[in-house]
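As written, the chains take the letters A, B and C, and residue 1 is the first residue of each chain.
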Amino acid sequence: MTGRSYSLHEIARLFGGEIEGDSGFEVRRVATLENAAPDSIAFLANARYLQQLKATRAGAVIVGQSSRGATRLPRIVCANPYAYFARVSALFNPTPAARPGVHPAAVVDASARVARDAEIGPCAVIERGANIGASCAIGAGCFIGEGVAIGSGSRLYANVTVYHGCEIGSGVVLHSGVVIGADGFGLAPDEGRWIKVPQVGRVRIGNDVEIGANTTVDRGAIDDTVIEDGVKLDNQIQIGHNVRIGAHTVIAGCTGIAGSARIGRHCRIGGAAGIAGHITIADGVDISGFTMVTKSINRPGAYTGGYVFEPHREWLRNAAQLRHLAELAQRVRALEKRGTKPQKRSKP
Amino acid sequence: MTGRSYSLHEIARLFGGEIEGDSGFEVRRVATLENAAPDSIAFLANARYLQQLKATRAGAVIVGQSSRGATRLPRIVCANPYAYFARVSALFNPTPAARPGVHPAAVVDASARVARDAEIGPCAVIERGANIGASCAIGAGCFIGEGVAIGSGSRLYANVTVYHGCEIGSGVVLHSGVVIGADGFGLAPDEGRWIKVPQVGRVRIGNDVEIGANTTVDRGAIDDTVIEDGVKLDNQIQIGHNVRIGAHTVIAGCTGIAGSARIGRHCRIGGAAGIAGHITIADGVDISGFTMVTKSINRPGAYTGGYVFEPHREWLRNAAQLRHLAELAQRVRALEKRGTKPQKRSKP
Amino acid sequence: MTGRSYSLHEIARLFGGEIEGDSGFEVRRVATLENAAPDSIAFLANARYLQQLKATRAGAVIVGQSSRGATRLPRIVCANPYAYFARVSALFNPTPAARPGVHPAAVVDASARVARDAEIGPCAVIERGANIGASCAIGAGCFIGEGVAIGSGSRLYANVTVYHGCEIGSGVVLHSGVVIGADGFGLAPDEGRWIKVPQVGRVRIGNDVEIGANTTVDRGAIDDTVIEDGVKLDNQIQIGHNVRIGAHTVIAGCTGIAGSARIGRHCRIGGAAGIAGHITIADGVDISGFTMVTKSINRPGAYTGGYVFEPHREWLRNAAQLRHLAELAQRVRALEKRGTKPQKRSKP
């Protein structure tokens, strides 16, 4: 936190919106409606939390047009309360700037170029010919391979690994445990054994991309794996070789994208989903969590494929029928046919 | 291993149970029934391994009341053979104590407090204001962020990352690759782009928690993410921001828990399960592996939702029917109606 | 890349195959059909890319017998174009050899044995009694626990963790973030709490195994976890304690294998699959991605269990029927019975 306060007036001058009530109210922090203290500003983005708005101890709130009258607290009325709140929160909780300098316990190759105002943490290793841009922060224990280029203002938290030759844009955030550019899973079968296909492509990551903890993005087999601008990846996602993810697509945790899949722009993919290799997903597609996508999707829209849960005993009975579905459908067809012609009766 | 032996008599004095046969038998190690040597003690916790009991070369065994007569080997009879075995195994295989001292290749900020008998491994980094409790062992290459507090007797294996401000209790074990406190996946859509919502909560982990390799627990968006006492998490689990996991709940590997889900106490969640965001799971709920839980569960019990496997050819035929289930149900309804009133026949 | 070129004649002398067209054509690099430059050799392994063969700018290609006449480019005709290409690519892109020596920022215990021509990267930590074989490369930030043995010619990329006592064969590749030998998930329930069962087995990994980024292989509870020769594991796979994976089996990313499962040789397991604990999979079994295997499979063949996806609206209607499948099957049975005896009509 910054420690200083901002009046509603100051906030609205920075981010727009309309003030109702005391515009001089001084905000010291952001909070949830539920746990707010009186010096806090909270927000309401969804009508189902209206009860929490009634009960909140927050000193001020951010609301949409339709909830303008739902409280008497000093408030900022705006079109998109959640995005507005994100901006206000960043005002009170700015990302710490890089602390320029190379820590004495870092190991930086003489041929690497590190911007003067970049921060290189202890036990970070920067290999031959790597290039670390202005204002970057490279966390403790990171490994930046030979020839890697990282644009300005990017932040790698502790213990990130970037293999040789990969390119990372500006304003990128990589969380701990991320591995960029490990070999893709390229194997040729040959008389009962598997021959490794050298993975000689790179990973190219655009600007303003954020990648969550322990997510892995494999290097391309021959051509590159590409993550376009503004993509946001959650934790523990696996991106196979030669995948391309279109700009401003978001993917929730634990999802796997197999090799050479092409995901469009502005897609939203839920957690623990799976995208098969070599398929194409159009722009603007939403895929539910736990959905396995085995064929290309050419039209925007929402797609789902998960199995619904139920008490275990009922599942036992119902799931057993899955193995007889084709037969069941045939039996229904037979019944339908039987109805349309004179039935054979056991006795007339 | 400790190297010394214990007689059955000594073991029973420590952990209770009743000895049948030679109480002076000296045990030197624990083993499975299948691979035991004559100086070993093994255990039988499940009647389906009775054949292995007959064939074992173990010198002694731990059995339940019902198997008291199933062997002539010297044996300890007790209520819970598996828990008893766990205690005996810990006797022979104690966790190594911390080796007090800060390794010269560790990097500890001057303002951090490290207990005198704590161990800080090589290339570990302890940031400003962090607090490492008595008898802790912090492995090689760990990163402990600014202001982190770790209770006494906790062990972090090599290459664990704990972000700033997180709190970890006493007797906690974190395995390699664990990431505690990375940013939650908080994004506000704004005109086709995604604005980051600063993640300013922390992670609070109770006492006696164990977390498996490469598991990630995200910090809260505003309030904290909480893992209560005695929780056991397996490898490669993803815990989203603001999740709360109740005391003594166990979760198997590869499971994902989305943001703001609340899991009760004494739950057991199978591997590769998924829990949707913002739902509540009651105390004492069992969830099978591979199950996607999309709604709150208010009653204890067992719940399942996975798709059963079969030979690929049969799956092709059966799974194709899934897309026609609603229609099939309608056709069955039509057939039922047809039966209850005079049928139209093609020809009378 | 090596920088030097090879003629088709030289390549065929090394790897066999038959040349059609100009055998003196000099190849400088490998490429995809789609993005090849005129100094490149590409390959066609699948007839569905014949259009790309027609349009390619590659100077030479590798094709199978059946595509011998599909191009006029200089070409090598062989039985297995993809495996052939893998070998040619390795010719142009050899794995860099270890750079012998221990980096001054590495921390190697005095009792560890490191082969003279092995490479130990900066901030790597080699513990007491470990043994690093000839020509091994241990990347920056790796942790090699007490008593670990690694055979010759193995390569650990940056930030790999190997717990104490594990054994790794020759020619093994471990990618960044891999954790070998963390404790298995062994817990005994005891009056509402969980007692840890000490995990005293090891992990033993054979020769020519490759393990992808952030994959975890747990140590055995009592006996060992075993990965046999030639196994290839993709990224983010979880292998539980006491699992055995047979030689030359390949497993795609995000798959989880629960404790004590035994997987045969020459199996192929798709991404995000799950194998339950204590079951056995025969040699030569193929399991599709996203499939949950809950029972042993005794015969080779292909097995599948995933739910097919569809537009969300249709899924809502169809998936709702899953919870009524057993009832639906009963209703169909009732209709069938009704047909075989005189029907009750509402009016005669």
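By definition in this document, a residue touches a chain if its C-beta (ideal position, glycine included) is under 8 Å from a C-beta of that chain, and two chains touch if they have at least 3 such contacts.
Just so it is clear, the model here is predicted, and its values are computed rather than measured.
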- How many degrees of rotation carry the C-alpha atoms of chain A onto those of chain B, rounded to the nearest 5? 120
- Message: Validating interface symmetry: for the copies chain A and chain C, is the fraction of residue numbers used by both over half? Same or different.
- Response: different
- Item | Interchain centroid distance [CA atoms averaged], chain A/chain C, Å | 25
- Message: Can you pull out the residues of chain C that are in contact with at least two other chains?
- Response: 105, 123, 141, 159, 177, 214, 236, 254, 272, 306-308, 310, 319-320, 322, 324-325, 328, 332, 335
- Which part of chain A faces chain C closely enough to touch in the complex? 105, 107, 123, 125, 141, 143, 145, 159, 161, 163, 177, 179, 182-183, 185-190, 192-198, 200, 214, 216, 218, 222-223, 236, 238, 240, 254, 256, 258, 272, 274, 276, 286-288, 291-294, 301-308, 310, 314, 317-322, 324-325, 328, 331-332, 335, 338, 343, 345-347
- In the complex, chain A touches chain B at residues 1, 30-32, 34-35, 80, 82-83, 85-87, 89-90, 92-93, 95, 103, 105, 121-123, 139-141, 157-159, 173, 175-177, 210, 212-214, 230, 232, 234-236, 248, 250, 252-254, 266, 271-272, 289-290, 306-313, 315-316, 319-320, 322-326, 328-329, 332, 335-336, 339-342
